[in-house]
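Sharing a structure with you now.
First chain written, first letter: the chains are A, B, C and D, and each begins at residue 1.
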C-alpha cells in the first residue's frame, strides 16, 4: 500500500502548493492514501471548514492538526461533522472532534490515522505514549487496520524518537510535525515502522517557520511585538514522506522523503516512478 | 574554500566514527577547514582534554560546544590553553574559554569560528543575536576573516531560522546543532550565507539522541530515572554539512549535507568528487 | 476538627525543627490531625524510610511529597509498606505508592489526604484537576471522609488558585507547597474550603529555598555548577497552616497560618489557645 | 525615611482601591516615598498614559512595570516623557523608557527606583543580576542615592531570594512582584536590605491572579480559550510592603507587610501609627 504524508500547511502559499500538488502526486505515485497536517492552513493559525473541504476535495484522505487545532473558533463546532479531520488524541476528555479515526482508503483498505501531541516544551496535556498505546491496543495492525499512520506533533526530537521506538512494529508510520523543518532521518525502524522526526512544512521556507521573517526576527531582537505574524508568500515547498507498506503485515518496506518546489533541494520516492 | 562542519559527537560510537572519518573526508574532498561539535563526546556529557586533542590530531581545525560544554569539570581549566575549543559566546562574562576564535586554515586563510547558544527552551543566558552581531562587527567577512562559520546551538527551529536571516550576507555559514537530528533544509540564503537548521549528530541513530533507547523511553513513560543515560553503541552515522565559499566574497556558493555510515540514508557533496 | 499542615521540610535544620515542634504543637493546639510535606527532608532531596518513620513517630498522621518524591531510590521500594506516605496522585499509572489515602485520626475521624502536582513550569504529567476530581467523587466529604486535605505541589500561583476554586466546597483544605515560601493569602473560599497558595517550608529561610545561598547564587551568575546544593543549617522556621473544620460539614470554619522560629515573623492560630 | 511599595494593580477593582488608598496611606503613615507596580492596571494588560498619570496624581512617586509593560501599544511612545514610569532594566538595549531612575522624594531625598525582570519561567532576556549590579555600582547607596528600591518582577522564588542576597547591603529594599500573591517572608536580610519575595497584587483576590475565575479555570481544564480574561470586580485588597530606612545608611531598620480591604487578612505597619 502506498501512503503519502505531508507536513503542516502554512498559509496561502503552502495551501495553494499543496492543493495543486495533491492530485498530481496521487496520480504520479499511484497513491492509496494521503494525509496532510492542516494546523496552520488558515493564515498560519488553524483551519476553517472550507479549507478542510478544499483539501479533502483535492484528494487528501485525512487532515491532522496540532497545537493550533482550534485557532479558528468555528473548528470547535464543525469538527464534529468532519470525520476526516483529526485533532490531537491526548487533548482533555470532552474536546470536540476525534484523535483517531479508521478511514477507508480508495483501495478499500482501512487506515487508522492518529494525531497526538508531545508535552516537552508544549502545552501541558496528558501522556501521548499511553494514549497512543490504548489506540493501538484497541485497533491493532492487521486485526483492526490495514495500515496505521501516527502524526506526532511535537517539539523535542527526544520525545519523537522515543515514541518511534515505543510503537515500533505496531504502526506503519510515525512521522513528526510542528517544527516546520524537514529532517533527513527517515528510515524503517528495526521492528518495521517507518519513522521521520519531522515531515517539514508545506510553505515558503524563505521565512521563519513559514511566516514572513521580519516580525519573528523583530521579536527575537526586541522581545516586543510590532506587527502580527503573516505567512510568507514566496514559492512554497511541498514537504513530506512516502511510505510503502507490506499488505501482509501493514509494516513499512520502503520510505523516502518528498520535497517539491520552493527553495529546498527536491527529492521524491523514485522507487514509485522508475 | 572548502569547509566541512560535523554535528554533535555522541559518545564512543560517534567519536570513533568521526575520528576515523575526518582524515578520509579531508583527503577525499580536499577540505580547507573542518569544524566538529564535541559537546557530547565524553560518554554523552562534555569533552575531556584528551578527546579534544584526539579530534584536533585527527584533523579538526576547531571543536565547538553547547549546553554540555562544561559537563566534564576539567574543561573549566584546560579550555584556557586549547585555542581551538570554542564554547558558547553568550555565556556569562567570566566563563572560561572563548566563544569565537580566528583560526588559520591549512591553506593560510583565516576562519572566524563562532559558537553561540539559543535561549528558547534552553538555559537563561544573554542574547545570541546581539552577541553574534558584535563579533561580526569586530571581525567582518573579508576585512577580518576569509570565512565565518557560526555553530548555533539551539532547540527551536524558529530561533535558528531567525538567526540565519539575521546574519545573512555577513557569514559564510550558519549551522544549527543540539537536536541531534539532521534537517534537510540546507541551502544558500538570499544574501549568500549557507544555512542548515541542524547538522545532526555523529552517533548511533538507532537510539534517542544517540543515547541507548531504554532509559529515555523509561523516563517518558514513568517520569522516574531508573538508570543513567548511556550512549548507544551501534554503527554510527557521521553527519554534517559541506560548504564551498567564494574566495572573493567569503560567501557560500555550494552547500550539501553529508551523511556517512549507520542507519541513515547516505549523502555527500558530489560536486567535490566528480 | 483541628488540622495542621506543615510545608516542605528542607534538610537537617528543617527536620530537627519539625520533629521538635510536632509533639508540642499537637499538645498546645489539641490537634486532631497533622500532615507534613517531606519531599526535601533527606539533605534536600527526597525522604528515607527512617526519616519518614521519625516524622510519624513525632506525631505526623501523614507525610506528603512532590517532584522530589523519589530522589532517594529506596523510596521506590519502601513506599509500598508506608501507608501514611503519599506521593503525587497524578504521577503515571504504575508509580509505586499511593496518591491519596484515607487515614484514621486520633479522634476516630477519617481524613482523606491527597497529594497532587501541578504541571505549569514542572514535569509533564497528567491533569491534576481531573485526578483530584475523581478522588473527590469516589470519596466525598462527609459521605466518604470527615475531612479532606489536598497538598497541591505546584509552582504557578495561577494553577494553585484555579485548583482552590475548582474544589471549593468539596474539600476541607487546599494548601500549596513547592515554592518554599509562605504566602499570606490564607482564607476560607466562598464554598467553605480553606486555601493558602503556599505553606512555606520548614527550614532555614536565610537561604535560597532552604539551601545554602552560595551555590544557587553562583549558578544564577555563572550558569555553571561549582558545588552540590547543601541545605542551610541556620535556625529553621516551622511554617504551615492551621484549619478548624465544622464536624457537621467537614468544611473550614477557621484558618490561620503558623510560623515558628527562625528569621520569619512568628504567627499562630491564637483562636486555639485563647 | 518611610517607603511604601504596592504590588501589581489588576484592572479597575485594583486601580480604584489603590487610587483611593494612596492619599490616605501617605497621610496615615507620613510616607516619604511610594512606589506601585502598574503592569496590569489597564484591564489586566499594561498601563495607559492616563492611568499612569492618575496614579502619580494620587500620590505615587514612581510606577514600575514587568512582562506586561508594553501590552498597551501607546506605552511604547509615551513612556519616553513619563520619567516616573520604570520598565524592566534588563529588556534589550533600545527598549523605550528607562529601567532605573533617581527620583526626588517629597522630603528632598533622592531615591533610586529599579525595575528588573527575572528569567526563570519567563521571557528570554539579559541577566538581571548583572544589570542591577551595574546600576548599584553607578549609583551606590548614600553616595548616589538616599534609598534604593528594587522591584524584581519574577516567577521563581529561587531567583528572587538569590537576588535578595546578591544585593544585600547595597539596596534599601528588594521586593518581588508578578505572582500576584503576597508572601509572608518579609524581613531585613543580614546586610540590611529589606526583602519580601512577593508584594502581592492590588486587586480582587477572589479570583485567579486578579482575573475572573471562570476563564482561567476553563483553560486549565480544557486547554482551550473560550473567552477573554477579564479582571475580577469584587472588593480589592491593597497589598504591599512598608519599609523604614536609616537616614545615615539608607538601609532598612523596620519592615512590615500591608494588606488592606478585600478578602485577605488585614495587616499594617503599626510601628508608624502607635
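Just so it is clear, a residue touches a chain if its C-beta (ideal position, glycine included) is under 8 Å from a C-beta of that chain, and two chains touch if they have at least 3 such contacts.
Per UniProt, the chains are A, B, C, D = Metallophosphoesterase.
Since we're looking at a predicted model, the values are computed, not measured.
Enquirer: Between C-D and B-C, which chain pair shares more contacting C-beta pairs?
Expert: By number of C-beta pairs in contact, C-D is the larger.
Enquirer: Matching A-B on over half of contact pairs, by residue number: which of B-D, C-D or A-D?
Expert: C-D
Enquirer: Cα centroid separation between subunit B (Metallophosphoesterase) and subunit C (Metallophosphoesterase), in whole Å?
Expert: Going by mean C-alpha positions, subunit B (Metallophosphoesterase) sits 46 Å from subunit C (Metallophosphoesterase).
Enquirer: Using mean CA coordinates as chain centres, what's the subunit C (Metallophosphoesterase)-subunit D (Metallophosphoesterase) distance in Å?
Expert: Centres of subunit C (Metallophosphoesterase) and subunit D (Metallophosphoesterase) (C-alpha means) sit 29 Å apart.
Enquirer: By the touch rule stated above, which residues of subunit B (Metallophosphoesterase) touch at least two different other chains?
Expert: Expected reply: 92, 124-125, 127, 130, 221.
Enquirer: Can you list the subunit B (Metallophosphoesterase) residues touching subunit D (Metallophosphoesterase) in their complex?
Expert: 92-93, 119-120, 124-127, 130
Enquirer: Where on subunit A (Metallophosphoesterase) does subunit B (Metallophosphoesterase) make contact in their complex?
Expert: Touch residues, subunit A (Metallophosphoesterase) against subunit B (Metallophosphoesterase): 121, 127, 129-130, 155-159, 161-163, 165-166, 179-187, 189-190, 197-198, 200, 205-209, 213, 216-217, 220-221, 257, 259, 263-265, 267.
Enquirer: Which residues of subunit C (Metallophosphoesterase) touch subunit B (Metallophosphoesterase) once you look at their complex with the stated criterion?
Expert: Per the stated touch rule, the residues are 70, 76, 91-92, 94-95, 123-125, 221-224.
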